[in-house]
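Below are structures written as structure tokens.
Across the two complexes that follow, chain A remains constant while its partner is chain B and subsequently chain C.
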Partner chain A sequence: MAGMLLSEAEKTFILRGAESNFRVDGRKRLDYRPMELETDVVSHASGSARLRLANTDVLVGVKTEIDTPFPGRPNEGKLEFFVDCSANATPAFEGRGGEELGTEISNSLSRAYQSSYAFDLSTLCILPGQQCWKLYIDILILECGGNLFDAVSLAVKAALHNTRVPLVTAAAMDGAQVELHLSDDPFESKRLDVSGVPCLVTLCKIGDHCLVDPTAEEEVCSTASIVLAVSENAFITSVFKAGVGSFLPQTLHETFKEGQEIGIELNEALKAALEREEKEREDNEKSPAIQRYGFLK
Partner chain B sequence: MDLISDQGLRLDGRRPNELRKIRCKLGVFNQPDGSAYLEQGNTKVLAAVYGPHEIRGSRTKALHDQALINCQYSMATFSTGERKRRPRGDRKSIEMSIHLRQALQAVIKTELYARSQIDIFVEVLQADGGNYCTCVNAATLALIDAGIPITEYMVACTASLANGETPLVDISHLEETSGGPNLTVAAMPMSGQIVLLEMSQRFHLDHLDKVMKHALRGCQEIKAVLDKAVRDHVASAGAACNWEFKTD
Partner chain C sequence: MPPTIRLASERVELRKVQDDNPPKIYTPGEVVHQGTDYLRGHGTYLDEDCVKSSVAGICQKINKWLIVRPIKKRYNGEVGDVVVGRISDLQMKRWRVDTNARLDSILLLSSVNLPTGELRRRSAEDEATMRKYLQEGDLICAEVQQVFNDHSLSLYTRSLKYGKLGQGTLVKVFPSLVKRQKTHFHDFPWGTSAILGNNGYIFIYPTSQRSGKEGDGYKEDAEETITLEERENIARVRNCIVALAHYKQMLYDTSIAVAFEESKKYEITQLLTPEVMAKIASVAQQSLLQHSRNH
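Up next is the complex of A and B:
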């Protein structure tokens, strides 16, 4: 995070903490901070999720639109990521100030989702070569408290899990014109399969050690970080290094292993949380008061 | 489409002079100096206030006798029915930012903070009519949360005229787009002064008084809700320090 000023003593404190496996907030190197997740918070979107990871706050909305597929990939739908860094997070994002960070995050997400193991785009095809669904995944960053990549990817996965694509009951060609019939019942819809969707895991290098889920202060102290996209079945769909520092090949290999294990755990925890929420909502459906906390909690 | 049914109810089941349900919370975020979340029906807005702080960017913008108020209005790309391409920077958003500044500058005691700047950012998460009003109300709450001195509540409300005779208060998106007139008023409800007034479409001058009166009454009702929220917030924040707090 830009604009955060740390004294030399504070930096040394964080560095020593990372070395002795006891961080400033009492966590170990490979511990995450507690998270809050809620899906279906924006009624205008087909799917949405809000994730709060300590001070990091992310809101994701998914919208569906009908589009024509790319000529080279007639059987596939489209995904588009857009990250908007709201000025609510920091005044530095005012106007076009957040665009650079936004592009970095959206590019890293589209790279992670590019693999066919990650997301099956053919499920978004309506009529091969003619019509397909385009999912606009809009990410709104409301507060930055470190570890944006992980928070955003988790929220995106939750929002995709929550997304309902309208059901196409009939599709026919009438000359060059395509005729589509969408189901009249808004509750009749298609869910997306998110089992292969990866989560990003950031491993932040402070001193000689790597730690996960850095706070904004720890991010200032770190020279380099590795971001892995890990799916539930242990596939790594993308890797990139951020920051100015460097890694040795040996440490890099170890880091990957650590990151992969954490990624699997993270995916499992997210899946469990989503299932729990869904079950609670189903149970609540009989009683009139269906609670949505949103920002009122 | 009739805006009022034969039973005298509106499309969403409200009576003509009824507001939408208001729910709000102060202090939703930690990083800004003040923040608030406000929803009026399905319109949901987040506001954040930073400052007063040193002028950012060029110093030439500094005012020697008062604080500079900087507002930004932006809408989430998923907030509207059809996806928005850009969250901010379009004409409509810029106009909204200017109007927001105009309204808020009237209540903030800017003379107390010479040569400094106060940033007010509002983010529309879901738009369902009355966006400007919800933003003004949320920004007022955020200013109070930030502890910035204001002379009184700045509250905004919309009103319309159905079938050329019945005034409607706090109109929704459906009522906004169905072609009726749309009067937006930002006012200081305690002193009864009007800070911003905007109208689209037309109705006969004879009706203006009636519609305006309803909009102002809407402002007063909103103010009562906001005031209660502020009192409750202060009471719960103060309870942590064992304050004796009486609510009447």
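Up next is the complex of A and C:
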């Protein structure tokens, strides 16, 4: 996080920790902090998820809207990412302060989702060239405790998994005008296929070593980080570097490999958590009140 | 260790302690008292003939005065408190210090010990070289000297106990979780020291570092190496404090020592998982309850 101050001695402590593969909280270089996930937390969104990773807190809502497809891509729907950095997270986000970070995150996500391996946009098509679904993916950053990219991407994937797109029952053509009839039953909806959707893995370079899931303090100490978008089947759909520092080409290959392995594990962990939640909700289906935890704790 | 994602439904709560008379916690907007026969104090407001809480906390009645003390709040300084703070800015003859209070605290150039330890008037030259002693981002430990009308604090470090902090790690907790004690400097037998600032900033560092410290407290010790064992102990203490604070247990030397002993059953990375955190917090809670009942 920009704007956070650390003393030289603290930086040395973190740097030495990264060198000796023993970080400030006892983690190894390639260890993640435990995360907590809940989907379907926003009742008026088509899909939503909330992810908490130590002090990082992200809320994602997905909304569906009917739109006309791009002329060059008549068979595809649209995705739009928007990141709102709440001033609750840090006072630096007040006013337009969080805009830059927000655009960086939304750009990185749209780049990661651009590949046809990542997300099949044609599933969002209703009438080729005429009508398609547009998904508005709104990301709200409530707290910053480091490693925003990974947390946001996991929450987005969980929210997309949770998204229900209404079913179109009939379409009436009246010249160029199209009239769609949506199913009235809210339970009649289709799910999105998120098996190919990538998660972002940030590898943060501190000294000569790369570590994953940096805390806010560790982010201050790092000069550069590589962000990989890794999908469940080990595809890397996008790569970019954040920060001003540089990587050596020799170590870069090794870094990619590490990131890819962790990305696969991350996707698996998310998938397992989502399946567990779904099963739990199915079991609770009969009981009248479905429990939601949300922000109360 | 592969990444773990748990569900909100799998959240671990601390087992409730048997308490015959648990305090009522008011939430914002909740009616604290019907009628206007009480005066509204801090944390309350008047709405349609009843006093309502504006914060989440516990109600206190002092004569005709109603106050709600919030559970989570910023630090309200008192003279004599030991605080840990971070230099945020340099100004004329003073440093601005972030101490988790509503306003930045100040540390006057005249209220620090000069590096050589000599006592004299501060000259313009000292003022020009202030950044040599303390610069932005540096952590200091200080005592509150004065509270101003606007509740901002004036600090001083004119004692060997206080001064700039070296290698170590800072943990931030709610100020209300730090128990007020005679001393806030603790050297634990396993070679780790901690400064429990009244403002909720806790600094953990190896004890060996201080013994090598010279009188002024401003020596740059970035070159000193910390052994892996010291580092492990620091990480363990850090995780214990985080666990205790997460489950809202009071922090002082005994509670930390109890938690540390309990934590030895686990790997340090395990201490980050909610199950182990809850276990440690509840063991600390139980043993301290026992302790207080015996006395």
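Side notes on the structure shown:
In this section, the second predicted complex is superposed on the first by the 295 of 297 C-alpha atoms of A that agree within 3 Å, B and C clash if a C-alpha of one lies under 4 Å from a C-alpha of the other, contacts with A are read in each partner's own complex, and residues count from 1 in each chain.
Heads up, the rule we're going with is that a residue touches a chain if its C-beta (ideal position, glycine included) is under 8 Å from a C-beta of that chain, and two chains touch if they have at least 3 such contacts.
Since the model is a prediction, treat every value here as computed from it, not as a measurement.
When both complexes are overlaid on chain A, chain B and chain C end up clashing with each other.
In the superposed model, A:Ser43 makes contact with chain B only, not with chain C.
By the touch criterion stated above, A:Glu277 is placed in contact with chain C alone, chain B being left untouched. By the touch criterion defined above, A:Glu258 reaches neither chain B nor chain C. For chain A, the partner with contacts to more residues, out of chain B and chain C, is C.
Residue contacts after overlaying the shared chain place A:Leu6 against chain C, while chain B stays out of touching range. After superposing the two complexes on chain A, the stretch of chain B that clashes with chain C is 219-227, out of 3-11, 93-101, 201-209 or 219-227.
Common to the chain B-facing and chain C-facing surfaces of chain A are residues 294.
Chain A meets chain B in the complex at residues 42-45, 48, 55, 57, 59, 61-63, 65, 82, 84, 86-91, 94-96, 136, 138, 140, 142-145, 294-296. Of all residues in chain C, those touching chain A in their complex are 1-9, 11, 86-88, 136-139, 164-170, 220-222, 225-226, 228, 231-232, 234-236, 238-239, 242, 267-269, 271-274. Against chain A, in their complex, chain B makes its touches with residues 23-25, 28-32, 35, 37, 39, 42, 44, 46-48, 50, 56, 70, 72, 74, 76-81, 83, 87-89, 119, 121, 123, 125-127. If you check the complex, the residues on chain A that touch chain C are 5-10, 12-13, 16-17, 20, 22-28, 31-38, 50, 154, 213, 262, 265-266, 268-270, 272-273, 276-277, 280, 291, 293-294, 297.
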